[in-house]
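Alright, structures below, take your time with them.
There are two complexes below, and they share subunit A, which is joined by subunit B in the first and by subunit C in the second.
Entry: the complex of A and B
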């Protein structure tokens, strides 16, 4: 089976969970004999507009389209990137221009490539998917990793983005949602019948590396970790307020934020204002070994997201033997039990649970060991099998139509 | 001849509230009174009241041939008194019939038999007194929490004067032997053992409403035939189960009360059958063998061991912290603290921390007032920490008080002045004051 996949990022050139998910899923699909051409928008200075690359594994072909597009951008942050980028006359004027460019590039790729099913990852690729479907009359599967309602916290939904999402979902032969949480959002906000939506939970790659080096920070302190974009959706402010409360009870705790985002200046200033700037640290964006080190160094990982369609980072933390506290407003809470769950707005609960994991050794150990067993069951082969099943379904229906 | 011995366990814990780490040092009220009241009202209505009424009817209908036995824990008795006194009254009525026997257990439904024999004995005495006060019976047969049993416990229980004890008829204890005879523990030759027939008991307690069970639906005459089949290969069929089986675990609309209502008649149809209480069973039948049980058995889960309460590090840590306070609490002499400490021993608290069923799919079967075993542990340990602080403060204030009393004693004692004037050091007096101090605050450092 040949799949034409439209995505935004692919490791090592990725900035978040979407790239990780695409990587894990395509690798597992390839292991099951699925041929994948993966199209990503990718800006590299001096390179030709359309570059066809082969990924390091040699199994998945990665095709790159030259744009400034980054996955989690709002129209506003794209404007900032555009201003910073030099000599961009070749680029479009806005994020939507980029989406438009991506779509046309995709049309060309669709013409050239041979494939059975089109699989799109999130809204920026939906128009490309629709275009490819029209061109080749092949079934379209759209994979929803996040909706505009998650990114904007229900307020300030961008109408244009919403329209693209909606059109993509309606044009699709099947929709994949990363959780029931996301499925509910899709049925509620986009007018889609529930039976068209398949829930395929994400998974995690097993972490085999262990880093023995001990950070100086760890000598006298416990470490609480946040990994994610520092944006409204991820609840970095709740993490900060919980930190303040925890530090009132225990000074020997350090809070580390891994990631970057538009709320970073606000969080930095607020931490200073609360008088905890020396205990609240920013590590910037990390990936690969550096990220694994961060997980392993932490005593507890916190996912305080306001709205998290899935949330792979807690699984990564569990795979690195670090217990997790997760927001109940997340997809990942549907697949894991051996963790602590909180409502993201409940700072008291969050800080109280952080303190509990840090104070009670037996709790830390039980969470750590049971979670590490639990996460082993969540291999990417499970979602890959579900996807293959969905491909077969849409192919079957498509052949009946023809 | 087959005798049927029915025993029902009646227990409701004092559930703890979601005690946060920020409550430590601020609130000493550990219990979720609203929840406890609500549960008690619900179960009284669904189970205790209708079931007691039915048992009374059965005694009357069979001209006293029907018999049953209960053990009701202290926390259940206290909550009946507090929230549903009509339930307690109906048990008293049953006691008056003379057909109902009340067994002894640890007052607070605890694991004390494993962690402190002193506490174990004290709680048995406490429960015994209460049973005597309420039901006018002095229990002769002992039932340990969750049927926890081994040689050592058997020996201890015999020393307390019991004539009989209940235990689980687990396969790994009995081997080829049948649970339908009376046995005697190797370490307690003067005491008889009644073993639960877990197959027949669980047919009622667990499988009754299970449609996928090949014997579903279970009718009274079918069940009576299974009991009759024991005729010739056994003396007594011990049906031990939670009383909440009737109406709470198995619902009324599934026919559990109808089943119980018809069972005695069906059983008594066979002229060789009768009902016995545990005391009658051990008087009526001789011991057919000796049981030598080194490891601990209980009636819980397939494992029939302690793993439901002590299987993980959280449970072990929590229980260790709790029992470590025993001597301090007892020497302090605060009744309120002792009572709270004992309420914290209720085995349910540890059961809620069990992680062994907490995997996908099993979560829904998992009956627990907490969202997870981890939450149960957190609330419990926060409470234990507050309790430790109270204990420390209590000891300090007792120490201060004792010191003041000694000072007053020294000042007012003319004898002292006399010695003082003479410049003689009174060793006996200083020893006395030291002893006094010891008696007030114990021998430990504060």
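Entry: the complex of A and C
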């Protein structure tokens, strides 16, 4: 089976969970004998290049399109990137022009490539997928990792993005949602019949690396970790307010925030205003070994997201033997049990749970040991099998139509 | 360590007496003597059924020998109270003394598995 996949990011050039998810899924699909051509929008000089990545029995090819698009971009941030870019004449005037340009470049790739199914990851690639479907009359599967409602926290939805998402979902032969939470959002906001949506939960690659070195910070302090973009969707402000409450009871706690985003200046200023800036460490964007080190260093990981379609980071934390506290408004809460769950807005509960994990060794050990066992069951092979089943379903339906 | 074992089951294959409530409670008290624990940890370490541990903990809390130090949807943590620690120390002292003086008959030793 040959799949033409359109994505936003692919490691090592990735900025969030989408890249991690695409990598894990494509690797597992390749292990099951699926050939994948992965199209990503990276600003690279010159001609599109081919990179052969993982190959056990299948093949993953990565094709790059020369564009300024980056994952999680807004119209404003696109404007800033474009102003800084050299030779602006070749790039689109706005984010949507750039999506349009990406679509036409993808159309060319679709003409050149031979494939059975088109698989698109998130809204920026949906138009490319629709175009490829029109050109080659192949079934289209759209994979929804996040909706505009998640990214904006249900406020200030960009109508243009919403329209592209809606169009893509209606044009698709099947929709993959990363959780039932996302499936509900799709049926509620986009008018899609539930039977067209398949829930395929994400998974995690187990980390075998262990970093024994103890940071100086950890010697006298407990560490609470936040990993994610510092944006409205991820609830960094709730993390900050909960930190304030935790520090009222235990001064020997340090809070590490890994990631960056538009709310970073606000969080830094607010931390200073609350008088807890010295207890905060802003590590910026981390990946690879540095990120694993951060997980292993922490005593507890917190995911306070306002709306999280899935959330791979708690699984990564569990794989690194660190207990997790997650928002109930997340898809990952559907697949894990050995964690503490809170409503993102309930700062009292959140701070109380952080203190419980830090103070009660028995609770910490119970969460750590059980979560470590639980996360072993969440391999990428399960979502890969489900995806193959969906591909077969749409191919079967497509052949009946012909 | 004191460890619960089902009636009729023993490492040597010989029949062991039915565990009394007192014996199970002693198992729980001595497991908690080391440090505070969840019901799951107590059940795993003593070999006593989870539900049985929970019921005996309720009794021991009523006797003020054990305190519930943390309660959440995920886990409950129990620790020995000062009274419980005193009880455990005194009980062990008495048993040691009785053993040394040969005052503990065979039946009592069998029941306590010592």
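What we mean here is this: the second predicted complex is superposed on the first by the 385 of 402 C-alpha atoms of A that agree within 3 Å, B and C clash if a C-alpha of one lies under 4 Å from a C-alpha of the other, contacts with A are read in each partner's own complex, and residues count from 1 in each chain.
One rule holds for everything that comes next: a contact is a pair of C-beta atoms (placed from the backbone, for glycine too) under 8 Å apart; a residue touches a chain by one contact, two chains touch by 3 or more.
Since we're looking at a predicted model, the values are computed, not measured.
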item: Overlay on subunit A: subunit C relative to subunit B, clash or fit; value: clash
item: Touched partner set for A:167, first subunit B, second subunit C, both or neither; value: neither
item: First, second, both or neither for A:340, with subunit B first and subunit C second; value: both
item: Partner chain(s) touched by A:348 [first = subunit B, second = subunit C, both, neither]; value: first
item: Winner by number of subunit A residues touched, once subunit B and subunit C are compared; value: B
item: First, second, both or neither for A:362, with subunit B first and subunit C second; value: both
item: Partner chain in contact with A:386 - subunit B first, subunit C second, else both or neither; value: neither
item: Touched partner set for A:249, first subunit B, second subunit C, both or neither; value: first
item: Touching partner for A:374 - first (subunit B), second (subunit C), both, neither; value: first
item: Stretch of subunit B, among 59-67, 77-85 or 113-121, that runs into subunit C once the two complexes are superposed; value: 113-121
item: Subunit A positions touched by subunit B in one structure and by subunit C in the second; value: 338-341, 353, 356, 360-363, 365-367
item: Complex contacts: residues of subunit C adjacent to subunit A; value: 35-38, 40-41, 69-70, 72-75, 77
item: In the complex with subunit B, residue positions of subunit A that touch it; value: 249, 335, 337-341, 348-349, 352-353, 355-356, 359-363, 365-367, 370, 374
item: Subunit A-touching residues of subunit B, taken from the complex the two chains share; value: 20-22, 312-314, 316-318, 355, 358-360, 363, 371-375, 377-378, 381-382
item: Sites on subunit A touched by subunit C in the complex; value: 338-341, 353, 356, 360-363, 365-367
